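Shared chain: chain A. Partners: chain B in the first complex, chain C in the second.
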Partner chain A sequence: MPPRECEICHTNRAQILRPKNHARICAPCFIAIFEDEVAETVTSTNLFNPGERVAIGASGGKDSTVLASVLKTLNDRHNWGLDLVLLSIDEGITGYRDHSLEAVKRHSEQYDLPLKIVSYADLYGWSMDQVVAQVGKKGNCTYCGVFRRQALDRGAAMLGVGHVVTGHNADDVAETVLMNLLRGDLPRLSRATSIVTSTPSAALPENGEGEIKFTNVKRSKPLIYAYEKEIVMYAHHKKLDYFSTECIYSPEAFRGSARTLIKNLERIRPESILDVVRSGIDMAKLVPGAEEQNSQRACGGENKAAAAKTDEGDGLGGCGSSKESGGEMAAMEQKLLQDEEAQANGNEVEIKMPKKTVNSQNGVARDTQDAADAEIDVKNGQQQSPAQQTVPIRTKEEKKSRKRGKDAPPPKQKLGQCERCGYLSSQSVCKACVLLEGLNKARPRTGIEVGGGD
Partner chain B sequence: MASTIPVKIEFTGGLEILFSHQRSHKIALPSSDPSTNQPANVGFLIDWLCKNLMKDPREDMFVLEGTVRPGILVLINDADWELEGQEAYELQAGDEVVFVSTLHGG
Partner chain C sequence: MAGRRNLPPADKSLCRRCQSPDTAITVRTEPLCKACFDKYVQTKVVKRMETFRVKNSEPGKEKTLLLPLSFGPCSTALLYTLSRHLKNQIDKSGRPGFKLHVLHIEQPDEPPAQPLLDQLQSRFPEHTYAAVPLASITSLPHLLPSTLQPPSSLASLLSTLPTPTARADLSAHLLRKLIAHHARETHSAAILLGDSTTRLAERALAETAKGRGFAVPWLVSDGPISSAPTPSEAGDGQGEIPTYHPLRDLLSKELVPFVAFAEPPLTPFLRTASESQAAPAAMKNSTIDALTRGYFAGVEEEYPSIVANVVRTTSKLQAREVGAGELGCELCDVPLEGAAPERSRLCWGCVRTMQGVGAAS
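Let's turn to the complex of A and B:
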């Protein structure tokens, strides 16, 4: 049969069938329209300020590669004046990130964007290999996932960048909408559909002279309306080289099923994906508190934003993010709840961890550790010796007043911040800090004093 | 009889792990489908690839319910296979078929 011509230029042969509107267009027209649509998303939502420093969460995978390529192109074309930087997280899994980081390094050269790589060891004092050595292979995805949630924010803060963009696409958002619908979690559904998942927290003071605290980092997803199919097509026709893999530790569970459902729907009716996204956005407006949340996120919606991140990971692929095991996470939630129970019952212990020991082990952890300490200081409203990180002991009375009684139902999610690191959290201590506490307790060389808290 | 046509095959986006970790393959496809005696089409090609080129037992990462798994894009001579008739497209000598997974970590 004769080749069908492009509906836009009426010159070239049609190569792409657009899922959103069934348009049959050629590759050059497709690339132009894809870029125009991302530009439209950015400008219609006032996503960036002129001159803003923006970190692109870069994994070397398709989504973040396309995001980097498109933002670089648009920034140059439209003189947005953005100061773009690629930010990669190295979990420290031997052999896992090596190739993807190589890809990111190539992108840094190809797109002429500076690259910053921060490791879990930098951020937390633990690489994933060390975590695996400590806790075994089972359950380590939980650590990876929990650490990952904060990693981009912490990494951006280290670089002094206040805005991180991730490669989440329409398919990812549709998945999250479906998952939350299936779980009956409408509040979380409403958070997932927001193009900006967190805004700078007004609740915490600025840390020094304009220094960025990781709890103030804004996150957004400029590709929220872009189909995964089109992202892959864009990469293909622009001949972008990207890295694809499955995390060697990755499980598949609830999100995997939601993903399969989305892909099956797409084959029958491709509009479904954007329709689910739009439905999510519309439903979000019906959720009580959504209005306040969307208009005033800066004044107290932080933990909601954090929860949205919880669901999404960072769009960087790999274990614990988009392929997070629902069952495993649920088990960990349970465990954390029990820990909280234990705290409420007065079983809490005091940990004093000489910071120098941690730093000397990891060499590079100093800045982050300092930042974390600074945040603890801010949170506690007091100066602490920088030489040690102290976990405050609460009296039983304080605990009783803070915690539920024994027979009371589990606490509802409420706004708040981790009392140790200041991160947005619905618990008094965020999951990362709980997990780190467990890891650091078990690490023999840190010279931890375990005091009698009971 | 038993004539073949040369076809270029490419697997990307993570699919290459199912095919000896090799991205590009040049195959000699039987020019007709012996079960139907019809000229080889893309449906026959997919079946043939599973039986002859796939080295990994996880066939369901490539095909489900008799066709390419949802989430895997197919390009025939660099055009979306949906524009070319999908499985019914009859292969010509020198055609290039690309399979791209969108399902792997990105």
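Let's turn to the complex of A and C:
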């Protein structure tokens, strides 16, 4: 077969089959169109304010590396005037972040962007190594996950940055849409598709001392329409060096299921990924109360965003998003069956269930349960090898139900802020503060409070 | 876990309802004998037919309901249960709550349906029957999108599309249009589709993947929708005919044995899925519909409640209010406002399906 010419420039030889639409194009045209599409996403959604200080959540992995490279390029090319900074989180696990942080340090030099590394020790007073020493290896995932969810926002606030961009791509968003469709979570389905997941409140983004409170940190995903395969391709052709994280976390069952579906859909029809994202955006408008939610958010009621953050993690990978893995679908099946039976019997049965259940009000139940999990984990204090950390432990179910009485949740609060640290929380005290309280109790010499409250 | 199970643990080998030792199937965790299972299915269907109770009908002027029959287990189960339901209505009230008109749409590659329909007629003589070839859609050009004008043969229509997914999608929409057309022709009051929970979940997921997420509420809901889209086939002033899914509370894996258990057997009326419906070896030659079908076939085995929950959840989506005179998509008939690329008479999903039309020529 004679070499084909690029469908765009009609000059170079086509060397790329574009994953998004199977167009045959040359590498320079691919790089140009990839960058143009990100620029289009940014400008059409008015993502940034001129001169805005923006932190790029940088893990050293492909998504955030490409995000940093593209934003730097576009910022210079289009004179957006953004004050870009790389923000990395160091969990403080000896030997774990070393390689990825090295990659981020190189990026900082290559792209001429300042790098800020914020450690768990800075943010919480506890490194993960210290947490493990305290609670044992079992259950430390709970801590890492809870701490991780707030880390980017806390880190950004610490640096005085009001906007964090993450490397979530179209595949991630499509996956989240399908996942929430499968687990019947419409509010999350709807939030997954918004390019900005937490709108800063209409109130002043800064407190008296000119610091940004981390409740006002805005999160966005400029790569929402970029295919994972194209991100890899872009990194390859731009010769970006990134740290390919071995996938150390086994995704939750629903996410794994959704991921497989997305991969197969992409094989059948490459455009499917974008079509799922589009469907998600359209369905979001049909979720009961969608209008209301939006207007609430617009005037500063940002409570819903808390869950959105929780749901999608920070795009930095790691074990935080795993939590309990395999049993998730089985647990939900059981919960649904019980609901059905309860309904058939006509009596309301109060069943406390493992996380990731159906209804929108679940933010509350889930938080409670997570906190309870952690408590139990602490109490058991059993050792478990790291490889086993994500294996679901069936007997936990029974333990939970027995312990429930004792581990009563903090008093319920309408979605709002943690009364200790101000983080968005459906409980009066957020999960991180609950965990920290447990940790600090066991280490009486310290009185470290989470920042923001003092 | 909960305190409601005060009864001594039931013997797992006995029918949960009548304690008969001859259990035939396990329905969601409950072992049931054939008789109790039969009653379970019948009850689920009847519950969804409330709208068509005897007291809602005028004596001698019962509404005609159109039942599209594919000769698959689900639509056959629907025909069977509704036939019994009608008998019960007559036994109890002296008259039926509705009449059934059974319609089979013949696919291009299938043998003639008339012999099977004749057999069905002798088994269920109280209904009327008709067979219409899908190919006849080309003699109804006003049902077809402008991009397919002027229509030639069905085969050539389908061959204009480059992918199996697009062909399956077009084919399904033509089928739906033809059914709706026939419903109007026969002055049917409603269309009763044989979609199980599993099937509805499959379709909701498939349409999401095809970019028609906005259309999912219309797809999975029952009865007249206040914001029903204007059908492309306007003119008879009848508007859209409401659609019901009386099998929506039953799983596909329950309906297959249900049909198999029926006495006298319904098996002579079943046609197994044709070869073309079997999953092809290579994923890229597969279709999105086949993918979601395969996916939920797996899920319903282990997690049937999750399947049901997908349908329940998507039913909660609120279909957008449709403005007066708002145009529908030329192919899938959903309202276009906000769902179509500029100046297109097709929605995003249908643009995707039709992309490549004419590219070959």
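The criterion applied here is as follows: the second predicted complex is superposed on the first by the 328 of 454 C-alpha atoms of A that agree within 3 Å, B and C clash if a C-alpha of one lies under 4 Å from a C-alpha of the other, contacts with A are read in each partner's own complex, and residues count from 1 in each chain.
Convention: a contact is a pair of C-beta atoms (placed from the backbone, for glycine too) under 8 Å apart; a residue touches a chain by one contact, two chains touch by 3 or more.
Values in this document were obtained by computation on a predicted structure and should not be read as measured data.
Enquirer: Scan A:Ser279 for contacts with chain B and chain C and give back first, second, both or neither.
Expert: second
Enquirer: Would you sort A:Ser64 into first (chain B), second (chain C), both or neither based on which partner it touches?
Expert: Only chain B; A:Ser64 stays clear of chain C.
Enquirer: Thinking of the overlay built on chain A, is A:Gly162 touched by chain B (first), by chain C (second), by both, or by neither?
Expert: neither
Enquirer: Give one of first, second, both or neither to describe whether A:Val177 is in contact with chain B, with chain C, with both, or with none.
Expert: Touch partner of A:Val177: chain C, not chain B.
Enquirer: Contacts for A:Arg269 in the overlay, against chain B (first) and chain C (second): which applies, first, second, both or neither?
Expert: second
Enquirer: Mind working out whether A:Arg24 is in touch with chain B, chain C, both or neither, as first, second, both or neither?
Expert: first
Enquirer: Can A:Val287 be said to touch chain B (first), chain C (second), both, or neither?
Expert: The answer is second: A:Val287 touches chain C but not chain B.
Enquirer: Determine, under the contact definition given at the top, whether A:Leu186 touches first (chain B), second (chain C), both, or neither.
Expert: second
Enquirer: Mind sorting out which residues of chain A both chain B and chain C touch, each in its own complex?
Expert: Touching chain B and chain C on chain A: residues 264, 267.
Enquirer: Inside the complex, what are the residues of chain C that reach chain A?
Expert: 1-4, 28-29, 163, 165, 204-205, 207-214, 216-217, 283-284, 286-288, 291, 295, 299, 302-306, 308-310, 312-314, 316-320, 338-339, 348-349, 352
Enquirer: Going by the contact rule set out above, which residues of chain A touch chain B in the complex?
Expert: Residues in contact with chain B: 1, 4, 13-17, 24, 27, 59, 61-65, 167, 171, 228-229, 231-233, 236-237, 242, 244-247, 250, 259-260, 263-264, 266-267, 315, 317-318, 322-323.
Enquirer: Please output the residues of chain B touching chain A within their complex, sorted ascending.
Expert: 12-14, 69-71, 73, 75, 78-80, 82-83, 85, 98, 100-106
Enquirer: Across the complex, what residues on chain A touch chain C?
Expert: Answer in residue numbers: 177-178, 181-186, 257, 261, 264-265, 267-269, 271-272, 274-276, 278-283, 285-288, 329-330, 332-333, 336-338, 340, 342, 345, 347, 349-351, 358, 401.
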